[in-house]
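Consider the two complexes below, in which subunit A is the common component and subunit B and subunit C are the respective partners.
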Partner chain A sequence: MNSADIPVIRKIIQRNKRWDLIFAIAGFLALLLGVLTFLALFVQMAYTGWERLTPEFFTNFPSRRAAQAGILSAWVGSLLVMLVTALSAVPLGVAAGIYLEEYASKNLVTDIIEINVTNLAGVPSIVYGLLALGVFVYGFGFGQSILSAGLTLGLLILPVVIVATREAIRSIPLHIREAAYGLGATRWQVTRDHIVPYSLPGILTGVIIGMSRAIGETAPIITIGALTFIAFLPASPVGPEFPWLSFEWLKSGFTVMPIQMFNWTSRPEEAFQQNAAAAGFILVLMTLAMNATAIWIRYHVRKDIKW
Partner chain B sequence: MSSFTQTVVAAALLALGAHAAQAASVVKVDGSSTVFPVTEAVAEDFQKSMKGAVQVTVGISGTGGGFKKFCRGEIDVADASRPILKKEMEACAQAGIKYVELPVAFDALTVVINPKNAFIKQLTVEQLKKMWEPDAQGKITSWKQVDASFPDAPLKLFGAGSDSGTFDYFTEAVVGKAKSSRGDYTASEDDNVLVQGVSRDVNAIGYFGYAYYAENQGKLKAVSIVNKQGTAVQPAPAAVLDGSYNPLSRPIFIYVSEKSLEKQEVRDFVTYYMKNASKLATEVKYVPLPAKAYETALEHVSKKKLGTVFGGEAEIGVTIESLLAREAKL
Partner chain C sequence: MVSSTTMRMSDQREDQATPQALSNTAGFRSLRSHGVVARVETAPVKAAVEDFSFYYGDFKALKSISLPVHEKRVTALIGPSGCGKSTLLRAFNRMHDLYPGNRYEGAIRLHPDNTNLLSPGVDPIEVRMRIGMVFQKPNPFPKSIYENVAYGLRIRGEGNRSVLDDRVKEALQGAALWSEVEHRLHDPATALSGGQQQRLCIARCLATNPEVLLFDEPTSALDPIATASIEDLIHELRDKVTILIVTHNMQQAARVSDYTAYMYLGELMEFGETSQIFVNPTRKETEDYITGRFG
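Then we have the complex of A and B:
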């Protein structure tokens, strides 16, 4: 290389830097497009529904009068359904994920199961609704209840939880496992003391992503027969008599936030559009709050992991 | 963690073993989205008047979906925007479900155009048929083809989606056969989409229930429909009451299961419904029946007069008068 080449090399460097800049700008614009669209929607909903966001909006039942209508039965319904969803999908999904990663031997059967699990994550939600209508509502006789809805959405997010669990487990360095086995630990001991705690942040992320999807789902919930007008709350889970716990609420009819929103957008009166916007705003806030909780928990769990 | 699990399992077993707390009695209603606003209003006020002792749930599965649940015995009351059909009567009969049929109010299907549209003053059923019949698909695309006196402007159609009772009734009344319609129009189950569409296009025409027109009078113009007697009539409560707005007015109903009527809370709910339907129907922009109709209906409930006065047929242009006469004969 002689000094005559230097201008040529400079040119090449300049060209490459230009491409760098072009990609950075394109990437930034792509990001902006997504974020701004979301922001515009969010602000629009907040702006339209702002006046309706009074304390009464959260404590009132739906009503034919827009100004008195509230989302009490909807947010309580959404919360309870999410509770059942989490309680059913998380243990099943995590157990299945751990089994596939740590216990199952690699053969044709597990390969087929793997492919199926991944494919299930892409099945349209309405299909889960139809399945649940046949199995939970009529087959098991759970009826159009919180239990049916929670299990349906649990089924819907199960593949997401399984896949997230497996990804999280795979990110644990192999030498940790080998060290534990080397000290004579059994598989269960390794799983309990190392695999589960270390993969917890990843699993939680997967669970929350799944739950965020589930809370906005409408199609499967309508299919199993969620109600549109319901002006009472499910039975309290805590009772005054022994044993103080009641599971009566699982059998109760219910409605959820997206259904309440949908109902309001299809009303003839203009005022209900405001209610729908306000409900949408709250629904987004609920999702953001769930995500924030996940990040917070993840941060705290990660802090305690020392490899 | 394992001790936590044990506690939860123990608590669950205890709860299952213990007697379930006495739940409040529930009245279950499901069915037509057209009847929903009236039933919802009744349910809201009824629950308030009972101070929470009775709970009412109202779903919207559509008239057909509602009857399916009704004939399986899953619900107490079915909302219906048309009389029960033969097939549904058979399904109910097979399951041993008998019912009382109660007319609740009248709805006027309203044909609407853009307020800026100056060439349409009135339309005949034949003209509507020309626009909406299946043969018109792809062929009738200009207003001039509907009537020679109209300008050569593109014909933009907005109508109900095929799952709604509104679609069934409109096609039956206009084309002559239920569910028979051209397919190349903007269809939506959400009437607000139709309101928006018509209000933004000068050459648009659409149809939906009167309530959506009443709430959007500033954005839409209702078309007078030439009735059987040959006069053009605007949709309005008075015109529905005297029967001159035909054939696009239709009665809406609730069906109450005989078995459910044995329950005090269902009897109370139905009684409250009939006593307050007039006021509440008006409030949600439907046309109430004369007081006499509700009295007859209550009598049918107390005497358990079962069955339908329509014989399972879809019928067009039933006036309030003829409905009353038939109900009285039951």
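Then we have the complex of A and C:
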């Protein structure tokens, strides 16, 4: 190459770089669309509901008078339903994921199971509601209770937990596994001492992302018959007498945040719209807090696990 | 000058061979029947590979290998990439059992109990408890230095803290790592340098007193200084444990081993004392590989 070619080369570079610029702009606009839409919704809700965000809003039951209505039964209901969801989906999902990755031999049956699990993640949530109505509410006789709702949402996020568990396990390098097996560890010892601890951050992240999806779910909860007007709290899980733990609350009727919100938005009075906006703001904050936890886990727990 | 001395020494050793030693060393007879010149050493045979073939699915990766591994000696497996040396090494602790579609034929007998390591009746976990392995890439667990070394003892049910402390210290001393880590035993193992990590992996194996220690290209991911420290360590360990090492570095094989096996395309081409293989190889192929004309 001689120096006379340099202008030509510069021209080529300039032309090639034009596409860099075009993509950078297009990508930024796409990003902006998502961020701005969310921000607009969030700010709108905060603005509309701001004056309703008083301490009483969290400690009052719903009321016919908008100014006295609160979200006490809704946030307690959401919390308890999420508890049942986590307690049912996490052990089942993690166990299934570990089994599929570590124990199951790779054959046609496990391939079919794998496809099924992936497809389950795409089933509309209302279908889970219908299933739960038949199985949990009537079949097992759990009724329109926190237990039914928690198990329904547990089913809903089960595929998410399974997929997250498998991804986390797959990211453990082969040579770490071989090191453990090479010392004479059994499959269970490898799973207990290595696979589970090293994949825990990934599993937890998946669980929380699943939960933050579940907390906003309305359709399946309505299907199984959540009530929209609840002016009582479920029985306390801790009692004064032996065995100090009570499971009465599982059978209690309930409402959750998105249903409370839905109920208020369907009222004609302007004041209830404010309540709905305030409840929506709190619900988004709950979801954001969960996602923040997931991010925190990713950064702080994962930093101890390097290969 | 140096090489001719070595040659004479090895010749003398060959002269000392006795018929008893010959018959004691199982696996030698089959070696001779394959036309490979067998050299007899006074060290007893710790493990004997007998007519061993290995298949990855339908692909025959190893073809009727017979080879003695002498007790408390270092045996090196050398050969070009894809010759099957790592495959052979990994058969010694049944690593191939972890993956589907692999099949063994023949035997690897571990003495003195004459257990065939490859027999379907022998639990691979039992084999791995007797035979330790150090891998190509240092692979400490993302746990503390202490827990890495203690892990082999823990899975054997050892829970006594003072026993664990003693054995961890012993193993780290044995791997020439103790002085570097004694004040930070509970720091993460991944914070160590590559060479230290590899010595930690050796300590992890030593903690459970394996009968045989397998090294699968243990220095290929390390810099020259770390490599030298690992080689020094192998030198020290040969008095305590039987060592089998795969290396693609011929100088390393010459430096650390007592015996060398040259493999090519899944076959054992030549086996003998390292001094003989490097100075006076019997086969033309071995000579070509060693002198760098091929491979």
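Just so we're on the same page, the second predicted complex is superposed on the first by the 305 of 307 C-alpha atoms of A that agree within 3 Å, B and C clash if a C-alpha of one lies under 4 Å from a C-alpha of the other, contacts with A are read in each partner's own complex, and residues count from 1 in each chain.
Everything below uses one rule, namely that a residue touches a chain if its C-beta (ideal position, glycine included) is under 8 Å from a C-beta of that chain, and two chains touch if they have at least 3 such contacts.
Nothing here was measured: the structure is a model prediction, and the numbers come from that model.
Q: Taking the superposition on A as described, I'd like to know which of subunit B and subunit C A:Gly34 touches: first, second, both or neither.
A: After superposing on A, A:Gly34 lies clear of both subunit B and subunit C.
Q: Hey, is it subunit B or subunit C that touches more of subunit A?
A: B
Q: Based on the superposed arrangement, let me know which partner A:Gln189 touches: subunit B (first), subunit C (second), both, or neither?
A: Only subunit C is touched by A:Gln189; subunit B is not.
Q: Once the shared chain is lined up, is A:Leu245 touching subunit B (first), subunit C (second), both, or neither of them?
A: A:Leu245: touches subunit B, not subunit C.
Q: Does any part of subunit A touch subunit B in one structure and subunit C in the other, and if so which residues?
A: Correct list for subunit A: none, the interfaces share no residue.
Q: Quick check on the complex: what are the subunit B residues that touch subunit A?
A: 11-12, 14-16, 18, 20-21, 23-24, 26, 28, 30, 33, 36-37, 39-41, 43-44, 47, 52, 55-61, 69, 189-192, 195, 211-212, 214-216, 283-285
Q: Show which residues of subunit A lie in contact with subunit B when the two form their complex.
A: Subunit A residues touching subunit B: 61-64, 225-232, 235, 239, 241-243, 245-248, 253, 263, 265-270.
Q: Along subunit C, where are the residues that touch subunit A in the complex?
A: Per the touch definition, subunit C meets subunit A at residues 93, 95, 98, 100, 125-126, 128-129, 132-133, 135-137, 139-142, 151-152, 154-156, 188, 190, 201, 204-205, 208.
Q: How about subunit A: which of its residues touch subunit C in the complex?
A: Those in contact with subunit C are residues 105-106, 173, 175-186, 189, 193-194, 198, 304-307.
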